[in-house]
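Below you'll find the structures, each written out as structure tokens.
First chain A sits with chain B, and in the next complex the same chain sits with chain C.
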Partner chain A sequence: MAEVSVGKGLTKGIVKFLVILGAGFAALFVLKGVLAPPTADGYRFFPVIGSRDWIWVVAQTHLDFAAFVLGVPIFAVTMEFIGWRKGDPRLDRIAYDFAKLFTLAYTFTAFMGAVFLVSVPLLYPKFISYMMQILGYTWWIYLGVMLAEVVVCYLYFYSWKKLKDRKGLHVFLGGLLNFFGLLLLLITSIWVGFMTTPAGVSKTGALINRWATIHTHMWLPLTLHRFIANIVFGAGIAAAYAAFRFITSKTPEEKAYYDWMGYTSATISIGVSLLLPGVGYLLGVEIYSFNEQMGIQLMGGFFAWLWVMQAMLIGAILFFINYYLWISLHKMPGGERYYGQVKYLFIVVLLGYVIWITPHDIALSLSEARRIGAYHPVLGKLGVMAAKNTAVILSYLATFLSFSIFRMSNKEPVVPWAKAGRVLKALIITVSTGGVLFLGVLGYTVSAEVRVGVLSPIQFSLFFIAILALFLLDFFMYRGARIIGEPRWGQMPERSQYALIAITVTFTWLMGMLGYMRAGARQYWHVYGIMMNKAPDAYLPTAGVASIIVTITTLLFLLMVAFVFWSIMRLEKFSERRVTGQ
Partner chain B sequence: MHYIFPALAIIGLAIAILAALRKSPFFNYLGILLAIYAGLKSLSLIMPPLPSQVVHMYMVVAVLTFLIYFSISEETFHAFLRPIRTVLADDDKKALRVAIVYIFIPLLAAYIAYSGVSPSFTPPVSPRISHPEPPMQMTFKGQTIKILGLQNPLRQDTANFGKYVEAGKKVYYQNCFFCHGDGLNGKGIFADAFNPPPPPFMGTDTIAQLPESYVFWRVAKGWTALPPGSHPWDSAMPEFENFLDQNSIWEASMFIYYASGNKPRTF
Partner chain C sequence: MKKGVLKLALIVIVLNLVFVYIGLEYLPQSESKPPKTIVLKPGISQADLVAIGEKIVFGKGQCMVCHSEQPSTTERAPAMSTIGAEIAREAKARGIPPEQQLFEALVNPGAYVVKGFENIMPPANQPPTSLTDGEIIAVAAYLQSQGASVTVSYPGSVPLLKAQEQKAAQAGAYK
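Our next item is the complex of A and B:
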């Protein structure tokens, strides 16, 4: 891949993009002429599975890839920058590996985007015509930015070796790539924001204020949420790639490198995910402030059960990452000193998980309903936000401690205040845990306004202050620490790598499910309250049907990602052969 | 019969402890699972029983997470797998292998399959939606009311708050208390006739989560206006617009919030 010259690589990228886009437009033009005209309401019907499900699968798969190619460059450039400033070639290699991944994934993103581009105007012509009327100019800007993104992406990747002595310029290119990525995110969020929380149009849909159609309730919180989630997701895919390469590696050196890559990617993924509840909260507040019915439907109404599924999935992700970190202790000389603490962390994460998944509204049989009543006196208490926030925060705190233990397990502090430092650490953990628990219990005695508006932010702040304090304390306490031994990278059982893969699979499923909830919030509207969806499949499917479709998109995406991984390995082998002249 | 589960919990705990002492993680695992399952079932001695749905969820979590726990250390994981390997591979364990693999497991699978498909007279269990989404607008005796942003007009008259609460109390006891109960606890005299039972208003997990416009819509329109996804047939709430005027519904709402110590959600 990288042996191709910059000019050739760039041309290849641009041609690929233009061919896919051109093929999309050509297909659109041809199919429009060939297919029967749409119904009076403005619909065509996709055979067998129906238009809604087809668009659902295509859009979600495209979005998964888009999240990947927009998320990975953020930390690839960060790694490259840190590697450049620290003079660490390993960081440069990992950044390059990340770049390989997203450059190849661009092709799939563009392909799925083209399928989407053809499908939506054909199946929903009236809706697209309205969207073009209101926000059409943003679509053309989007195409321009997309082309710029492709140019910079290919330039960034193919100039890696050529600009190795001009790293500043190369890092700048990476920054530019992320700038265009952010613009793309902002533009696509305009469309979703307008469809879900429309503004700037009259009741009949006539344009009143162009800026208001862009600056909707959802626009910025959704962009922020997607931005953070993209990093989490991209890093997750990179971790899965590393795990896959670890399992298939033949040499100890390769195993050591991919073990380290998996650890680094997973740490970024889970570390950044700490921000997601906060930005998700902001998005929720905006939805409620736009329309409380939509808020109720999302949080306590039709989608309530999907939040229980979300809890199961995120809880599983926390378990997988903790499991990975606990196993990792075995490769750290000195790690055995902490084996005893693992069981306590396990108990905290387990209890947190159990409380998080406990539903407030339980499916009861007739006899159970007679004996229990509408809500179980104990489980009902565990099913509300006061308990769940507390459980989630303490699970995350335990996860942070697992990470902290792993990082410091091969070191022995030598600062004179090490003993006092340990006491302080225990104090921070005790006070923050006690504080979070106290506020959680207090949450039962106050109004929803106080709980959500005051206590929950304090709980989250307490958590962030605690992990920041623990991080800084570790930093100073372990400065110049005696190293018991270097980590034995590569000496990990394979099951630890399956935990990394499981994290990615769960993330993908989670994104699909939350994407469905976000889109489903519009119910039977193309543009909520403005343009009704009169197609026969404009109904919300049951949670079971939705789960099946989300599973299909997840499998489809993972299959394509596996193909990306396989292609990279093939290309590497091909390059090796060319170098050795075989 | 009541004490079978506590007895099983103790047996499970004993197996877990003995297995831990003998360093046998597999039996430790089985003992823990038995103790958890029987322990969850035993809770019915001190509180209403845990619903089977929740017991299932907890057990799935226990099975997976403890499996994770016993596979953290390489040594423990090998010891965990040893009894399984022994039964499946050792020549002297042929009788046990036949009993477990060819008899017990197929019989268990058959029993589970049979229980799943055998006809039953109890109605199927389905999750219900606790807060069905209201429409954007409703009609009240022919008058169109926009629900979004709807406020209780009586709350603006703060000087007469007590009067409205008192009036709402009368409305409640003449109309609501038969199902929702004297103590607003969902245990009215008719409560047992309904499935699902009427919700309680005490605590911070029902009306405290809702804006007052929602309560107005729910009381005024009852089960008839519930969206299809919310199984309207799963509610017996009458349409109170047929029996009460708007002010009476707002007064009842004020009483319920006041008496349960809650305030309507305002965001």
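Our next item is the complex of A and C:
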């Protein structure tokens, strides 16, 4: 890939983008003329599966790729920057590998984007016409920014070797790439924000205030949530790539490199995911402040059981990462000292999981509501947020401890206060766990307002303070520590890599499900409360149907990602052959 | 190598199958359909009004999203099982007819919020719920039936409801 000159690579990228976009517009133009006109309500129907499910699959697959290509450059350039400042070629290599991934994935993103571009105006012409009337100018800005993003992306990737002695300039290009990525995120969140929490229009949808149509309740918290989630997701895909390469590697050197890459990517993914509950909370607050009914419907109404599903999925991710870290102890000289301790962490994660997936009672009928009362008689005490928040936080704390044990397992502190440091560490863990538990129990005795507005933020803050304190304590305590032995990178059983793949699969499924819930919050509205969706499939399907579609999008996306991985390997082989002249 | 890749593909497929199985077999299967407008016949009996109102409260109206059936310490909105009696009590305390209290609560809920609760209720006659006059009267009948005697009727109560809607519009409650 990179042996192509900068000019040639750049031209290839721009031409590819323009061809896909041009084909999209041409298809739109031609199909508009060929297809029957829309119904009086403004709909055309996609054959067999219906318009809603078609758009659902296309949009989600496009969003998965978009999350990937916007997320990966953030930590690719971070790695490149750190590698440059530290003079570490391994970090530069991993950054380059990340760049390979997202540059190739751009083509798929653009392709799915073009399918989306053709499908929505054809199937929902009236809705799109309204959106264009209100926010049409943002769409043209979006196209301009997208083109700039493509130019900088290809420039960034193809100039990697040419600018190896001008790293500052190259890192700047990476920064510019992320700047455009952030702009794209801001623009797309304007559309979703307006559809879900509209503002700046009258009850009949007439434009009143243009800025208000942009600066909706959801806009910035959604952008922030997507920004963080994209990093988590992108790093997850990078970890899957590393796992794939580890399994297919033939030399110990390659295995060592991809083992390290998998570990680094998974650490970024899980580490950054710690921020998600916090930004998710901000998003929730904005949805509630826009419309309490929508907030409650989303959190405790029709979607309540999907939150139980979400708990299962995140709990599964925590299990996979803990499992990976526990296996990883085997490659750390000195890791055997901690084999006994991890079983207690397992118990904490398991208990947390059990509480987390305990459903709150959801009355589906009047008779059921009367029979059950306010809460389920047995599970009610565990099914409420007071218990769930506590369980989640303690599971995350246990996961952080797994990570901390792994990182320090091959070291022995030599600072004179090492013993006191260990006591302090135990104290931080005990106090933070006790504090989180105490606040959780206190949550049962206060109003929902105090629990959500005061106690939950204190619980999360306590958790963040605890992990920060533990991180800093480890940092100072293990400075100049005696190294028992270097990590034996590459000496990992294959099953450890399956755990990494499982994390990525679960993340992708989770993204699909949460994407559906976010869109479903609008119920039978194109623009909530302003423009009704009158199509025959404008209803929320059962959890089972939603699961099937999420599974289809997940498999479709992962199939395309597998193709990206395979293409990279093919291109590498091709480059090697060219270099060796075979 | 090939075996490893196959195992990997198998994990991807098995995990997806597990997730879809949970979604299909372990989660309750219900759809959320867009509501249909209920047209009331003039002179409909109060018993029928109450029955229709109950359907709306538990369906189209989405009232149970916030209101619980039984009173609890963590309730966001007054419990349904005693709401009729509560409305009558509040109306008496304010010195207004219970019907006025009832319709005001439904179409202009921010005008008077019962002590101990937040101003979170959206007007029932506005999007996204957009109940018709007849539907609101049916809901009012059901609410009254929960601990008080039913005094509203259709179309007899329409003028009183319209007056409350007008008052709300003038106060800017529907902006």
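Keep in mind that, in the parts below, the second predicted complex is superposed on the first by the 565 of 582 C-alpha atoms of A that agree within 3 Å, B and C clash if a C-alpha of one lies under 4 Å from a C-alpha of the other, contacts with A are read in each partner's own complex, and residues count from 1 in each chain.
By definition in this document, a contact is a pair of C-beta atoms (placed from the backbone, for glycine too) under 8 Å apart; a residue touches a chain by one contact, two chains touch by 3 or more.
The shown structure was predicted, so the numbers you read here are calculated from the model rather than taken from an experiment.
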Which of chain B and chain C A:I247 touches, first, second, both or neither: second
First (chain B), second (chain C), both or neither touched by A:F565: neither
Touched partner set for A:W191, first chain B, second chain C, both or neither: neither
Touched partner set for A:F438, first chain B, second chain C, both or neither: neither
Which superposed partner A:G529 touches (first chain B, second chain C, both, neither): both
Contacts of A:N291 with chain B and chain C, given as first, second, both or neither: both
Which superposed partner A:E449 touches (first chain B, second chain C, both, neither): both
Chain B versus chain C as contact partner of A:F464, first or second or both or neither: neither
First (chain B), second (chain C), both or neither touched by A:Y338: neither
Chain A positions touched by chain B in one structure and by chain C in the second: 291-294, 296-297, 300-302, 305, 362-366, 369-370, 373-375, 384, 447-449, 529, 540, 543
Contacting residues of chain A [partner chain B, same complex]: 285, 288-289, 291-294, 296-297, 299-302, 304-305, 319, 323, 326-327, 330, 339, 342-343, 346, 350, 353-354, 357-381, 383-384, 386, 443-449, 451-453, 493, 495, 529, 540, 543
Of chain A, residues touching chain C in the complex: 203, 243-244, 247-248, 250, 291-294, 296-297, 300-302, 305-306, 308-309, 312-313, 362-366, 369-370, 373-375, 384, 447-449, 494, 497-498, 501-502, 505-506, 509, 523-525, 528-530, 532-533, 538-544, 546-548, 550-551, 554-555, 558
Complex interface listing, chain B residues touching chain A: 47-54, 57-58, 61, 64-65, 68-69, 71-74, 77, 122-123, 125-136, 147-148, 186-187, 191-192, 195-200, 203-206, 208-211, 213-214, 227, 229-230, 262-263, 265-267
Residues on chain C engaged by chain A in the complex (per definition of touch): 1, 4-5, 7-8, 11-13, 15-17, 19-20, 22-25, 27-34, 54, 58, 62, 64-66, 68-76, 118, 120-122, 126-129, 174
